Amino acid sequence: MNSVLFYFFSVLAVASGVLMVTRRNIVHSAVFLITALLATAGIFLQLQAEFLFVVQIILYVGGIMVLFVFVIMLVNLDVSLHLMQFNRQKFVASILAFVLAAQVFVAFWLGRNSLSVQPARLMEPKNTEAVGQALFQRYMLPFEIASILLLVAMIGAVVMAKRRV
Amino acid sequence: MSDARAYGNSNVDTTVLGADEIILNMGPQHPSTHGVLRVKLKLDGERVVDSECIIGYLHRGVEKIAEHRSYQQFAPYVDRMDYVAAVSNGLGYCEAVEKLLGTEAPPRARVVRTILTELQRIASHLLWLGTHALDIGALTPVFYCFREREEILKIYEKYCGARLTTHAFRIGGLQYETYDGFEHDVKRFCEDFDKKIDEYETLLTENRIWVGRTKGIGILSAEDAIALGVTGPVLRASGMKWDIRKAMPYAAYDQYEFEIPTRPTGDTYDRYLVRMEEMRQSRRICLQAIENIPSGPIMARIGKVLKPPPGEVYHAIEAPKGELGYYVVSDGTTQPYRVRVRPPSFINLQAFDKMARGSLVADVVAIIGTIDIVLGEVDR
Amino acid sequence: MNHLIPPSIQPYVFSVLYGIVIVALLPLLAGYIVLVERKVMADMQARLGPMRVGPHGLLQPIADALKLLIKEDIVPEKADRFLFWWAPVLSVTMALLAYAAIPFGPVFQIADLNVGLLFILAISSMGIYGIVLGGWASNSHYSLLGALRSAAQLVSYETAAGLGLVSALMLAGSLSMKEIVQAQYDQGVWFAFVVPVGFFIYFVGSIAETNRAPFDLPEAESELVAGYMTEYSGFRWALYFLGEYANMVVVGSIATTLFLGGWLRPFARNHDLLWGTSIELLDIVPALLFLGVAAYSFWTARRQPVQIQKLVMVAVGALCVVLAAVMTAALFASPAVMQGIHGAFWFLAKVFGYIYVFLWVRFTFPRYRFDQLMRLGWHFLIPLALVNVIVVGVTIVLQQNWEWRHPMLAAVATTVIMLGVAAFLAQEEKQHQESMPAAER
């Protein structure tokens, strides 16, 4: 059952990703990006990480993508329909893709021993608390650094937008 | 960058992304253009860059019809111009022709005319208040307004049988004597009405959302108002104390005491306050008039066939929406040579672009409402 | 009964059963909320409302639904067909999906997730796509403007509403809907009384999230005709309506669970017994309420003008008597059954009370303008909510460390501080508006 769900969500995610890149209509692309994100959330759920599942939906699908769609709808769509969608560099692209795939494969292969899943930990009923404790106790410093970074980015964005008024 | 402001903090700079101005056709079928007005808006996001009123969807050629009817026959047609203030239209026309004939209606007729016209002003303002509030999103006042307007229409119905297009007056005076209990009905209405206005005001006047939606919206300065020929409550809200009832009294207005409300800034909120106060003043006039209706004939002796001497006359009255003028030219026959109407709605509508530019789509609705137009009168 | 069901599917049986009940009943419920709305509106506007279909218009929702089912389904020629078809379905699906985690009573819940509240928020935040995509797919300027407004409004008010919820969450210490209610029982107070400001923020935010007046800008009929729904007709249009009303029940349920004690009856820890029996005094209130309604129905039945109306009115009365009987019978049944039935009653009563306030607000206030709405959200509600979270957090810590136990004391303290902050923000806002030239506003 678990593996069926996993493959279902994986195929859904990959297929949506491909469709997202190939669609001409930018709104359709956005819709497929949303399904890809939802499929990823499904994988989280299948791994019993409810908190990540829910946060993925709230933040990415419910927040960020809404803003994406919002901006997309403001933009004139006719222009994008007539733009050339792909540049003709298939050869270079395929080499790069191959190199990337090899890199990922090597990384997995070398680290295959460290990737062992600890089922006991994942099955804990209250992994929401576990996430909270990990973030605010063990990884406090990285967490705070990340939040300060985001704050800086936000202030920067506001300042840049203000200047253009 | 005006977009980002319209959309709050989302910080979207549409000019960079290449968003165009869009053209939005409001109307001729739209819930809040008060009839078949079509407004072509050029929008940058939700902000109005340019606007154009396209009219004529209700053109019926009223002025041309006048040239093929006798003077009396044309009187019912004027009711169909500003159909929410039919009595005022009739008064203006009848007095214009009387002026052309060189007669005047008897005193009793003039007092009754005054009462009915002032009631009509209240009815017209009530309809304006209800629909204006509805445009801004307050769903309830419109029903309260209709409740009171119904009382006025009942008085008309009792008086002449019609409620909307009344044809209440005739050239030379009145067709009908007042019915038994007319004074009582009017008096009771006026006495109750004071509390009813307070009721509307509790819903709106100090409501934060209402104030936010109307204050500073659609500002029209006094100079602009005069340059555009705007009259009526719209002009008075810009600070000009101009009311034909005081400036060139007609009917029996010179006998009564009343104030002309004005406000300084000329925004939508001020126009609201002016009209609310006008309803109170109309009530005051009615109460004074009803106390003392002179007895006597109700019709001047003018004969059945009207043949005014050749000549021309312009007569204006203060209709609920502004200066309603009739320019009548006679060539000595039974039919007018030309009747030209100066409709307040049409001319006040010219101020729309001035008020709307730079505002948001939601304000456009408020501004159309605040000018108080009736398309029957704009298009004629 | 348990031995009849094979053990492998046993955990799913009741969930599926509840799911079917909810999906089957919800459209009907939504229809009747529309009727209630029209009746309440009529009452506030000095008129009668629907009176023709059934006595007092009781069959009006059914007639409306039938009419909408058989109406022509028009798709604009240049619309994006695929999205145009699926957007309303998405809207309604997401609204229904959220019911999976709502506890209508201690037993009547499809799934008690340990992230229940977040799940509901996540699902209902996806309902926005129904509106946004539908508005875009219609290929109409009015629809597009409605969709744009909806997207911006939802993103900003979700933040405020979410922060409002956080204050109650901190008090409960759990994300599971069931445990939140349990926490209110244990502490002996509804959280609305402990964090009134949080409740207020969530109330305003939830009106905006469900696109109800005075925040109904995405469908403002006097400006955008019908906003995102302008091009929709027939049953697709009805789906949007269903979604909107289902969402109202969802936000009502969230508010009830977090702030109004969920399925707990008022004074849930008062166990005074009815004299001479083992029945708690306050548990007979529901039955008495239903009997009252039944008596009123029988009394008005005589005055109905038509025979069929008399019959329907009597039927309504009889239904209320049956419900009263059920409520009474539950008192003598096992505690689980009794808790289930009475819990559902109190829960629904609170949800409908919440929705009634929605209606009341709608018929009283004019509509906000878009920039005013945004300013209210970002300049007033969100700062207030942030300060609220901090203040509530500090009081909780103080309570734990200093044994400052009485919850109401903390409630009074937080409320006083919050009112001060609100007054400060309002003052700022006023000065801000006055400093701006009129045309810029």
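Order as written gives the chain letters A, B and C; numbering starts at 1 within each chain.
Rule of thumb we're sticking to: a residue touches a chain if its C-beta (ideal position, glycine included) is under 8 Å from a C-beta of that chain, and two chains touch if they have at least 3 such contacts.
Nothing here was measured: the structure is a model prediction, and the numbers come from that model.
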>> A-C versus B-C: which interface comes out with more C-beta contact pairs?
In response: B-C
>> Based on mean C-alpha positions, which chain is nearest the centroid of every protein C-alpha shown?
In response: C
> So, what's the distance in Å between the C-alpha centres of chain B and chain A?
Replying inline: 60
> Rounded to the nearest whole Å, what is the centre-to-centre distance of chain A and chain C, using the mean of the C-alpha atoms as each centre?
Replying inline: 32
> Using the average of all C-alpha atoms in each chain as its centre, how far is it in Å between chain B and chain C?
Replying inline: 43
>> Counting only residues that touch at least two other chains, what does the list for chain B look like?
In response: 10
> Can you list the residues of chain A that touch 2 or more other chains?
Replying inline: 67, 70, 74
>> At least two partner chains per residue is the criterion; list those residues in chain C.
In response: 148, 152, 155
> For the complex, which residues does chain B have touching chain C?
Replying inline: 5-10, 22, 24-25, 30-32, 46, 133-140, 143-144, 147, 203-204, 207, 209-210, 212-213, 216, 219, 267, 358, 360-365
>> Using the touch definition from the top, list the residues of chain C that touch chain A in their complex.
In response: 80, 83, 113-115, 118-119, 121-123, 125-126, 128-129, 132-133, 136, 144, 147-148, 151-152, 154-155, 158, 175
> Considering the complex alone, what residue numbers of chain C touch chain B?
Replying inline: 41, 44-47, 141-142, 145, 148, 152, 155-156, 213-214, 216-217, 220-225, 362-375, 377-378, 438-439, 441
> Taking the complex as given, what residues does chain A use to touch chain C?
Replying inline: 25, 27-28, 31, 34, 50-51, 53-55, 57-58, 61-63, 66-67, 69-70, 73-74, 125-126, 128
